[in-house]
Each structure stands twice: as C-alpha cells, then as structure tokens.
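Both complexes shown next keep subunit A, but they swap its partner, so subunit B is in the first and subunit C is in the second.
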Partner chain A sequence: MKVRHFISGMACASLLAGGLLVGAAQAQDSIYVPLFTYRTGPYANSGIPIANGMHDYLTMLNERDGGIGGVKLNVEECETGYDTKKGVECWEQTKDKHPTVVNPFSTGITLQLIPKASVDKIPILSMAYGLSASAVGKDFPWVFNPPATYWDGMSMIIRYIGNKEGGLDKLKGKKIGFIFLDAGYGREPIPLLEQLAKDYGFEVKLYPVAGKEMQDQSGQWLSVRRDRPNWMIMWGWGAMNPTAIKRASENGYPMDHFIGIWWSGSDDDARGGGQAAKGYLALNFSGLGSNYPAIQDIKKYVVDKGKSQVEKDKFADTFYNRGVYNTAIVAEAIRNAQKITGKKVVDGTDVRRGLETLNITPARWKELGFPDFGAPVKVTCDDHNGHSPAYMQQWDGTKWVKASDWIEPMKDKVDPLLEKAAADYVKSNAGWPKRTEACDKSS
Partner chain B sequence: MHVEKQRPAGSALMHFLYLIFIDPFVQMAQAPDLLAQTLWEGLVSGMLYALIALGFVLIFKASGVFNFAQGIMVVFAALTLVGLYEAGVPAFLALALAIVVMFILAFVVERSVLRPLVGQPDIILFMATFGITYFLIGFGEIVFGGDPKVMITAPLYLPKGAITYHTLGGMVQLQKIDIAAAVIASLMVAGLAIFFSRTRIGRALRAVADSHEAALSVGISLEQIWVIVWFAAGLVALVTGIFWGARSDVSFALEVIALKALPVLILGGFTSIPGAIVGGLIIGLGEKIVEFYWGPLVGGGTDAWFAYVIALLFLLFRPQGLFGERIIERI
Partner chain C sequence: MLYRETGQFKTTYQSDSAIFPILQDRIGLAVILAVAFIAIPATRNDFIINAVMTPFLIFALASIGLNILTGYTGLLSLGTGAFMGVGAYACYKLTTIFPQVNILVWVVASGFFSAAVGVLFGLPSLRIKGFYLAIATLAAQFFLEWCFIRVPWLYNYNVSGAIEVPQRELFGIIVTGPRATSETRYYIVLTLVVVLTWLASNLVHGRIGRMWMAVRDMDLAAELMGIRLLPTKLLAFAVSSFYCGVAGALMVFLWYGGAEASVFGINQSFTILFMVIIGGLGSMIGSFMGAALIFILPILLRFVPESLGLPLQSATVEQLSFMIVGAMIIVILIVEPAGLARLWQITKQKLRVWPFPY
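Moving on to the complex of A and B:
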C-alpha cells in the first residue's frame, strides 16, 4: 500500500514538475496574448464571431509564419460572458502570465480595468469601444482605443445624416432619435450627441433599453411612432440589435433612416429581420467579405484544417472580420515592440510602446494582406485613438454591402470634449498617476 | 442661441403637476389610435409574461418550489426545436421531438434531482433548481452552441405581417404573430386550467400542493405528479420560447425574460393560474402605458422597473397576491 502511495505520489510530483517546466519554457519562448471573449451568455451572439475572428487570425500567424518575429503566440481565451465581474477575474487570472495586451471586449469591463493597467503594466486595447476619453495619451498612457472613439462614431453618423439632408445646416429643426442599451456602453456617446444637437439645432429623443428588456422594446418603438424622429440612431449590443431591427420594420420605420454604430451591424443582427430589414445602415471600419489575402490565409491554414470554431457559412462575416481587425492591430503592435526594443519575446511594457507607435498606412494594410480592409490608423503618444474614418454599410436583404465612402469624424467637435472628459476623469479620480512613460521617437 | 425662459417657482410646480396629472390624459384623448396601440402592445406583452409566469406557477403548486430553471427551460426548448429543424428534421416533427425532449427532461429532473431530495426543506429544492439551470446552460451550449438562431415561424405556419386598421383618427397595427401568440397563450392557459381543475390528475396535483404527506397517505404518486407538472412547465416553456424567439432571436439571452415573471407572480400569487394571467396582463398593460405616457418625464426606460414597483406595493399590502392563498400559520 505504502509503495503504491509512493509511486503515485512520485508520478504526481513528476507531472507537476513537468507541467511547471513546460509552463516556464512556454513563458520564455512565446508571446502571451490572452483574449477576453464571450461565447456564452446573453451577448454571445455578438461575442462568438468576434472571438472566432481574433482566435483564427492569431492561429493563422502561428501556422503560416511561426508566430511573430519567429516567436510563437500563446493564445488563450478567458470567458467573460460580457460580465464585468468575470472580466476582472480574467484580468487577475492572466496578469501574472505577462500578457502583452488585454482586449476586454466590453465597455463595462474596460472601465473597471483602466485603473489597473498602469499598476500591472499591461496595456488595454479597447478597439473602438470603452472610455472615449482614454484616447488622451497624456492621461491614459496604458489605454488605447483605435481606430475611432464612440464620439467619433456619433459625429460620423451625424455627418452622414447631414449629407443626406443636404448639409449639416439642414439639420436645424429635425428630430433624431437615439435608442441605446441602458449601460455604460450605450450612454457613452450621449454627451457628444447633445452637444451636436445644440450646435446644429436638432432635437434629440432618447430611448433607453434596459438589458432585460432588450428582447421586447415594444414600448420604445411605440414612443418612436409617436415622436416620429426623422432619423434613428442605435447603440445596441447582443439581442438588442436584431430585436430593434425587427421592431423598426414592424412599425414601418424607414429602414434607410435607421443607423447603428459599428457594434450594431453584424450579420446576425440583420439576418433575423431578413428582407424587412433591407435598407438598415450601420457604421463599419473593417472590410466586408473574404476577398483579402490574409482572410484567405486564415481559411487555408486554420478553417480548412479544422482549427477554428467558426461555422463555415459564418466565416468572414462582419463581426468575424472585426475580430480579425482587432488582432491585426495587436500583431502589428507586437511587431513594433520587437522593432523598438530589439527583443523577440516582448511583454506588456514593450507592447504599450508598440501600440503608441502604431502606424498602419494603406501600403502597410496591403503588406499585411488586407488591401483597403481598413482606413489608415496612426496612434501617437498624445493621441491613443487615431480618429480614423469609417464607412456606412447597408443590409440588402441577405448581406451587407458598402454604402458610402470613408466618413471623417468631426475632430473639431470631438477633441475639445475628449480633453475635457479626460481632465474630468483625472480630477474625479484622486491620486490618478501622472504620466511617467517616455514617448518613443517614432511617436 | 436658444434660452429657455425661467419659470416662477409656483408656475414650475403647476407645470410639473400638469405634466403628471393632465398632459398624459390629454395625449390619450388627442391620439386615441396611439392609446389603442399601447393597450394592444400591453395586452400582448401581458399574455407573454403570463406564459412565463405560468411555468413557475405549475411547479410551485405541485412542489412548493420556485423553479429558477424556468427561464433556461424556455431557451432549451426553443433551441431544441430550431436546432432539430436546422439539422434537417421537418418542422412539425421537430416540434413533436422537442415535446418529447421536454418530457425526457421532466423525467430526468424527477429521477435525478427531485426524488433524492424528497422531504428536504424547500430552500434545498430551490437551490437544486439553480443546479438544473447551470447544467442546462452548459449542456445547451455544448449541444447547440452560443450562436443565435432564427425562430422557424414560417415552417410552423405561424403568420407574419400585420393587420392595419385606419381608425380612431390614425392607425392601429396588429402584428399577426402577436395575435397568434395571444390566441395560443389563451388556449393553453384555458386548457391547463381545465386540466388541473377538472381531471383526476389535476385534483391529485392540488392534493400534493396542500400536503405531500397527506397526498402520499391516500395513494397519490408524488413522483408521477412531479413528472407531469415539470412536463407541463416544459410545454409552456416551448410555447413561450417560440413566441419570444419570434419577437427577437433564439439565444441564451432569452433566459433573462424569466425575470419578468417575478413581479407577475407577486401580483397574481404563486399558486394561481388565473392569477398568472391577470398579473401578466396588469404588468403588461401597466408598464406599457406608464412608459408611453409618463416615461418621457423621467427620461424613459420605466419598463425596466415599473413592474417591480407594482410588485413591491402588492407585497406591502397583499403579500399573497391577488389570487394567492392566504397563509395562516399557528404559532
């Protein structure tokens, strides 16, 4: 009996030691990229395609190129369920493994993690979500939100509406409805919308949708019918989006006057509405379809080899490509970090510098296998966002099609508000650390 | 620049009172078509809330257990139906198989959860329904994945489109799927009410609800009753899933609609089938009217909390609900 205990004890110890050694070796020989994803829970319909896109692009880099700069990427998903508490738990679980960057994929989680980033020396990439004010690099050296903030997005939508009405001055006296998920994410663009309403003389009608009401919304759309806004704008997520699109079409709202932010424009969002949703518009900043060399490489090296969780008919749909876009930025930041530091295996401190020198020109997008996939993205020490343009996509009844050229954000309107919001954030968070990180030359 | 005129304090108060007590009724009189539309939306929502609440009531009546798993049963039933259809099973066969799956679920729950816990305090059984919930979430995600699915309304011959009446000085629009939901929910409720009040099994159920021990002593099979009741709750979940899924999509997000049943149950009573209906209608109508006419005064979004305010008031003045049994315990 004792001998058996001894043998099994030795076996356990060997396994443990082996595991530790392998872990240590992996830590030394790979670049750790945790992905905060949500394949479960009420927002999984938005989370799954993004998770697949992120995972598959990084896997493709491992399979095709052997990682980045000859170093394999250690990609690990942490399931948040779009739950802020679980997101913070994911941070705590991963922070000791030297993550290069964290993508929270939730504004609520991002807001909780922002104060932790500078303490744990882990940069946060909240790609076109999170706290708009975190674009101000001098106050938020560890947070990045390229290619555009929510406020940029709102200003692009208002610019688009203005163009359709014959000029921004024609907005005077118009009524614009704003239906939004009643959470940090949905409320984020309201200050800018109200400012633009003052500047251009239009009236704003707000229609908040609570998380547990997102599959009903009959009350909100009844109010829309009464108020008769000329245009409707949506900041929805998860099941809120398809429900709103269905309600809008049922209520006879003109779908080509209903515009969603880039998180309200997935294929699943519009698919449920089918032909009735024809004409619905949404902003987008990543390419449509699979006609890009890098996307084809994902198919060849990952999907066709059974290394992806994506369903064949959902490969390269809108949110899948959005996930790819996110990790294309991560990969480019890692390359930058390797270039700046001369190290092969980089950590969060290095990748923060890589993000701060991000400069993806059209030529660079092409080199990466993404010709015209996104607008140029330039991040600097002061500007952690880039304020890149986006375009309008439109549902044709079966698929999204490009419906506009690149729409520039109203930087003159957004920047002063961003500066003020950043200053307010710093003021209201007593002891907020002053930036000590030096700016790199290329920044 | 637009400058709002300052109102004198007294005038501001009068205006505020006007907005609360007069203006909504003026709006109702001025646009009766919108009032009719609001009432219709409230009725439809109310019937759908009642359906969710009904699932809770059935199980609570039979076992005194608040079934936390009712929400996920709605998701599971709807996903089974759509999942089978997507796998190539014809729609009505998928519907029949989904019913069979809900029966199997009832049987398994009785055998593996309820039977071993006979005689345990209610809180233990309540906690066990948490276990069932999380098991079904995990199992459902493994089997069906987390991707949303579109409810198969057309293959099930559920109507689409709307009937529009140009009346009351405007337009009242009734979605055909909502009419179908209201009719089917009403028939289902009536059928269940008759089943549980007129049949031998129904009388046995009521006996079990009054006292497990007394019911056992007269030869009523507790196990059989539990299977029947959980199966009935499963059927209700399937119908609920079909109509809520048709309004939005079929995904795990549907689980949160179970929260809407709580105020309905508090209002109608945990043990009353008619209570679930009346409670659902009051909550549905109340929240839609309040959101539409008074919501703008507080920035909208009243439907997120108004139902709970009504429930709270009922808890204060009539804790057993409108139709619930008053509990008198000797001390």
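Moving on to the complex of A and C:
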C-alpha cells in the first residue's frame, strides 16, 4: 500500500521535473513574441481586454499575412497576475527563447525589468506606462515608452482644463484634486503636477488610494467632498477605477470635471457607474470602436473563427483597442527590424533597432489599416517616447465618444523633468552601463 | 532498509544528542549540500537558479525567522512582510550612504535594524497572547508599510517610490545589480542561508531554544521555573526579525534588484505564515519544505500541461495551479495537521523498519 503511494508520488515528481526541462526547448524558425498578461488577480478587469487585444492582433497577422515578412509569429502568453514576482519569473522563463520584445503591462514589473533589459539584450516596450525617464534614449537604450509619458499625460490634462477654464492663466486660485493609486504608477506624475501648480498658481490636493482600499475609497471621497476641488484628476488602475467613478457620482461630484489618465478609461471602468457616470472624461490615444479595416480583419480572421477569448460584446472596446495599438507598434518594429537587418527571423537586438527607427505617420497608420487610429508616433535614438498627443474621450452613459481634438503635451515643461529624472536614475544606480548601441538612420 | 541504523553505536553523550544522530541523515545532508552547491549552478539554467532556487532559499530563510517566533516560542506574528521590508530598506539606506562598505556587511547589518524594530513591536507580547498578539503585529505591518510609502527619505526621494539596487562588488566580482550573474547571486544567498540555518539550528537546540519552547508550551510554568518571560520573548522577536530582515535584504538585493513598498505587504506576511504552518511549526526542515511547497510547486505545476501537450491558456493554468495548491494545502493539513515536517518524520520512522514493519 505504502509502496504504491511512494511509486505514484515518484511518478508525479518526475512528471513535474520533466515538464520543467521541456519548457526550455523550442523551435527557432519563428519570431517569438511573449505577451506578459494578467487575466487573474485584482487587476484582471483591466488586464483581460488588453490581453485579448494584443493576442488577437498578432493572431490576425498570422492568419491573414502568415506572420510578418513571411515568418510566423510565435505568440505566447505568460500570466503575471500584475505581480512583480511573477513578472520577473516570466522574464526568466522567456528570455532563453530569444524574445523580440517584452510588454510588461505593469509599472512595477517594468521597474524591475529595466536594468535586466540591457544585460539580456531584450527591448522593453512599456507603452505609455513604466518609468517616464526611460524616454531618454541615451540613458535607456533598451527601454521604449511611446506614444507618451505619464508626465505628457498630466500636462495634456492640465492643458485641457485650462482650455475649459478659458486659458491656462485662469487656473490661478483654482483647486485641482489628484486621486491616485498609491504605488510607483500613481505617484509618478506628482512632481510635474506640483511644478505646474507653481507655474500656473493653482492648488493641488492629493488623495492617495492604497492598493488594499481601492475598492472602498470612502475616506478619500469624503475629503474630496470637504475640499471641493474644481477639477479632479485620476491615476487609477484595475478595480480602483470603477469604484472611484461610483464614489464620485455618489458624492455628487460633477462628472464632466473628473478626468482620468488613459489607464482609467476602459469601458468596464465607466460601465460600473452606468448613467451616473455620464460626462466622465479620460485621455485616450487609441481609436474608439471597430470601424477600422484592421479591426474588421481581426473580427473576420480571429474572432469569428473562435480563435479569440474575447466576449462578443467586449470586442473592440477601449482597452481591447489599446492592446491592438500595443501590438501594432510591436509588429511595425519587427517589420523595421527586418528591413534594417535584412534578416527574416529577428531577435531582441534587431527589434531594438526597429523600435528606435519607429515612425508611424498618418499615411502609415492608414496603410496598416488604422486610419486615424492613433496620432503619429516617431521614436528616435534620443527620444524613446515620441511625446505624441492624445485626445479626451467622454462617457455618454453607454459608450465612450471622442470629446476633443488631439491635445499636445507641454514639451517645454516635461523635457527638463525627464532629463533630470534620467540623470538621477543613472546616478543612483551606480555602474549603470553607458550606451554603446549605435544609432540607425530613421527608415 | 534505507534507514537501518544497526551497528551505529553511540559511545559518547555528544554523539547521542547530535542533531543528526543517524549516519544516513548525515549522508543525506551532504548530498543535499552537494546538489545545492555544485549540481544546481552546473545546470547554468537561469530560470532554475534565478526564478526557482534563489527565491526558494530566501523564502526558507524568512520562514525560519517566523518559525523561531511562531513555531518555537508560540507567538503568532502577522508582521513578517514588514520586518522583511525593514531589512530591505535599511540595507538600501546603508549602502547608499556608505557605498564603499562591502554589501554583505550591510545585508547582515540590516538584520539588526529589523531586530530592533521587531523588539519594539514585540513589547506588547508580555501582556497579550494568541490572536490579540497577532493583531498587535498586524499593526506593525500596517504602520511599517505606511512608512515605506510615506517616508520618502527611506527611498531617497525617488520619483517612482521604489528602491533600486545599485551595483556593488565583492572581491572584484559584481554581486548586485543586473550585471551580476545569477550563479554569483545564488552562491551568496546559499552560503548565507546555510550559515544562518546552522546558527538557528544550534540556537533552538540549545539553552535559548529550550527557554523558547518552555514559554511556548506553558508560559506560567516557564516563569515558575525561573525563565524571565519578557527577555525571552523579546529575544525571540529579535532573532526572528533578524532572520526576516536579512531575508528581505537578500530578496531585494540578490533576487528582485529593486522593489516597491507593496512587495512587503500583508500578503507577504501571510505567504510566509502559510509556509511555516504547512511546513511544520517548530521545525527547521519544515521551513524549507513549506517554502518549497508554497513557492516551487505552483511554478512546476505551470509546466505540466505544456509537457503533456495540453493546449491550455496561461491564465487557465494559473487558475488551475491556484486550485491544486489550495486543495493540496487542505489535504496536507487534514492528513497531518503538524505539517510536512511531521509527515517526513513519520515516513522516516516507517523507512527505518521497512520492509519488515513490526
């Protein structure tokens, strides 16, 4: 009896050990694109649509075009659960398979991976999240964060508020509240906000929301009620967003004076507030709806064939399109890399050069099947971001509608901060490698 | 058969009361150490070294720390994550203020900072016990976590609020920062964990350990026997926090390479507590077994569907491994509430008489 248990135990153990070894061996005639996604954990409601969007666009390229440049894409998801520990695990797990680019989709994970990128020769694409300072290409050759940094986003929001108030000089004496997830992500824009407050003479009220109280927030909104800020700005993520929107409407805060960053503007976020959330604003840099040829192709080649995990009514919602935008940049970088190197099967080193020469003009967006889907993005060796404009979207009670034109960031305010932050980072990380990577001509 | 100890005669008291009285155990330990020191680095597989073994050792060290407090002294603590954080932040501050000092000195020194904080929050333990003490340590957890977020001096006013590990060298070899090889980091963690485990094992088997256990089993009786409760309990808090602090510093400096305050949240405390409970309260080997079950098993489970050729989504696998590990924890606690260490002891007893049980 006992012996049998022992034998079956051994069998299980050897199975597990075998699995570990198999995981490392993979074929190398495809382009490997790992997707760090999270469909589990407290941030899954934000993570699932993005994961679907990224996965479906790359699958569509495989189905429609047979991959990129005739080489199939090997798309593999690695579940991080928005957990830093698992994100690092995913990195270790994928790095031997020559990933072309890694999208961590978590500021916490990005911060951990930035130092590893240059060592393992894998570029990181942290699309409009992560470390703002990594936009400085001379210090961070392996990290890219197009189309805009958080600081750009904050300056766009202030510019929008200024427009609504009748000019930036009218901000004097106004009170602007900032409710944010109390983590690296939420705290990042504070220095710029304080700088702008000084420049334009408005007052800033900070309302930090700790991760564990993001589904409550009653204390923060009580303070909002007391302080009565003229405008509210939110840097939220996951379950924090719908809660904040609900609390705002419960407390009678005027929704059209409540503005979220691009990560606080998914359909699920606003839907939780329903009709009461009507008027809520959020920045966005990816197109709305499914009215784009490429998105229609995703529907035709992937969703209708049952190769997607997306629920029918959530297809092409805001964050789904955000995921598509992310992989559209990845695909373009791979194409660039193929063009520069002349190789068909590219690896991380090549795609880094591809990302550095990324230049998506309006005409190029159209060629890709995304007319007016995003603003033009141009990445150079020095500028790994592009500082592209974004637009304001507004919740009409059932769906998001475009509420403004493209809003340009305040480059003159953001650039000095970026340079300083990058210099600080390099200084505090003694032994930070000097950039040795040569610069390619823009294609 | 394997464990037949016929012919192993103890001729001195010393050999009779040794921690590993049986020859086979000593051989087994030597084999384990050989595997850890030679075979695992020889695989040169970054995933195994970096994402499996190094974290496992660090968690085992933290479990030993909590086990000293909860398992040996019977004081329930929910502040482990925060004490680990104290170690990590102390080490970060020390190495940024005095960059020329050897980083390993600071890793160990940060343990003393953690110990001091542990003693401070251990003071109520004289008056309150059991669940009430758990709540008091929970206060430590929340207070310290608040400090990690709210005191910008602790993270050198970094905009992102995270601590980043600078590059440090030891005898000309890079040991921290991204350019340190995983083998170097693994060796340092392994050596520290082996040395500290040996120390802890001697501590709990000696006079101090017996004092702790006397307090655990019945503090009134212990007091009547002349054991002073407050110093004993505070010593347990100090030693326990020291281990947790070193584990926290190792975690950030030799594994993560940078951390946000959320890493040292209440979840971390619970994870370590679960490791201790599953592994076995009051057992050194249990700390290692618990860490292995809670940390390594989910990683291994993730590879099972792939190796069997099942086309499962990574999220599904994740959910499955949550469920399987959860079920296993329940099964293990039903089969043997005293944890894996006890299970191992029973197995060993069976093996000693196998194949002719009596």
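As a working rule, the second predicted complex is superposed on the first by the 415 of 443 C-alpha atoms of A that agree within 3 Å, B and C clash if a C-alpha of one lies under 4 Å from a C-alpha of the other, contacts with A are read in each partner's own complex, and residues count from 1 in each chain.
Keep this in mind: a contact is a pair of C-beta atoms (placed from the backbone, for glycine too) under 8 Å apart; a residue touches a chain by one contact, two chains touch by 3 or more.
Here the structure is a predicted model, which means the values were calculated and not measured.
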Checklist entry - Following superposition onto subunit A, is the placement of subunit B relative to subunit C best described as a clash or a fit? => result clash
Checklist entry - Touching A:289 in the superposition: subunit B (first), subunit C (second), both, neither? => result neither
Checklist entry - Looking at the overlay, does A:220 come into contact with subunit B only (first), subunit C only (second), both, or neither? => result first
Item to check | Touched partner set for A:182, first subunit B, second subunit C, both or neither | outcome: both
Next on the checklist: Under the stated touch criterion, which partner chain does A:84 make contact with: subunit B (first), subunit C (second), both, or neither?
Outcome noted: second
Next on the checklist: Per the contact definition in the header, classify A:369: touching subunit B only (first), subunit C only (second), both, or neither.
Outcome noted: neither
Checklist entry - Is A:279 contacted by the first partner subunit B, the second partner subunit C, both or neither? => result neither
Checklist entry - Touching A:40, do we find subunit B (first), subunit C (second), both, or neither? => result both
Next on the checklist: As a test of reading the superposition: which chain, subunit B or subunit C, is in touch with more residues of subunit A?
Outcome noted: C
Checklist entry - In the superposed arrangement, does A:212 touch subunit B (first), subunit C (second), both or neither? => result both
Next on the checklist: Counting clashing C-alpha atoms after the superposition, which of 128-136, 146-154, 164-172 or 272-280 on subunit B is the one that bumps into subunit C?
Outcome noted: 128-136
Checklist entry - Intersection of subunit A residues contacting subunit B with those contacting subunit C? => result 39-40, 182, 208, 210-212
Item to check | In the complex, subunit A residues that touch subunit B | outcome: 39-45, 47-48, 182, 206-216, 218-220, 222-223, 225-226, 238-239, 242-243, 246, 250-252, 268, 271-272, 311, 314
Next on the checklist: Touching residues of subunit B toward subunit A in the complex: what are they?
Outcome noted: 31, 34, 37-38, 41, 44-45, 137, 141, 145-148, 150, 162, 173, 175, 244, 247-249, 251-257, 259-260, 287-288, 291-292, 295-296, 299-301, 303-304
Checklist outcome for this item: Residue positions on subunit A within touch of subunit C in the complex are 2, 15-20, 22-24, 37-40, 51, 76-79, 81, 84-85, 88-89, 92-93, 95-96, 107-108, 111-112, 115-116, 118-119, 131-133, 182-184, 187-188, 190-191, 208, 210-212, 309, 421, 424-425, 428-433
Checklist entry - Where on subunit C is subunit A touching in the complex? => result 45-48, 50-51, 55, 96, 99, 149, 156, 158-162, 164-168, 174, 177-179, 255-263, 265-266, 299-301, 303-304, 306-308, 313-315, 317-319, 322, 350
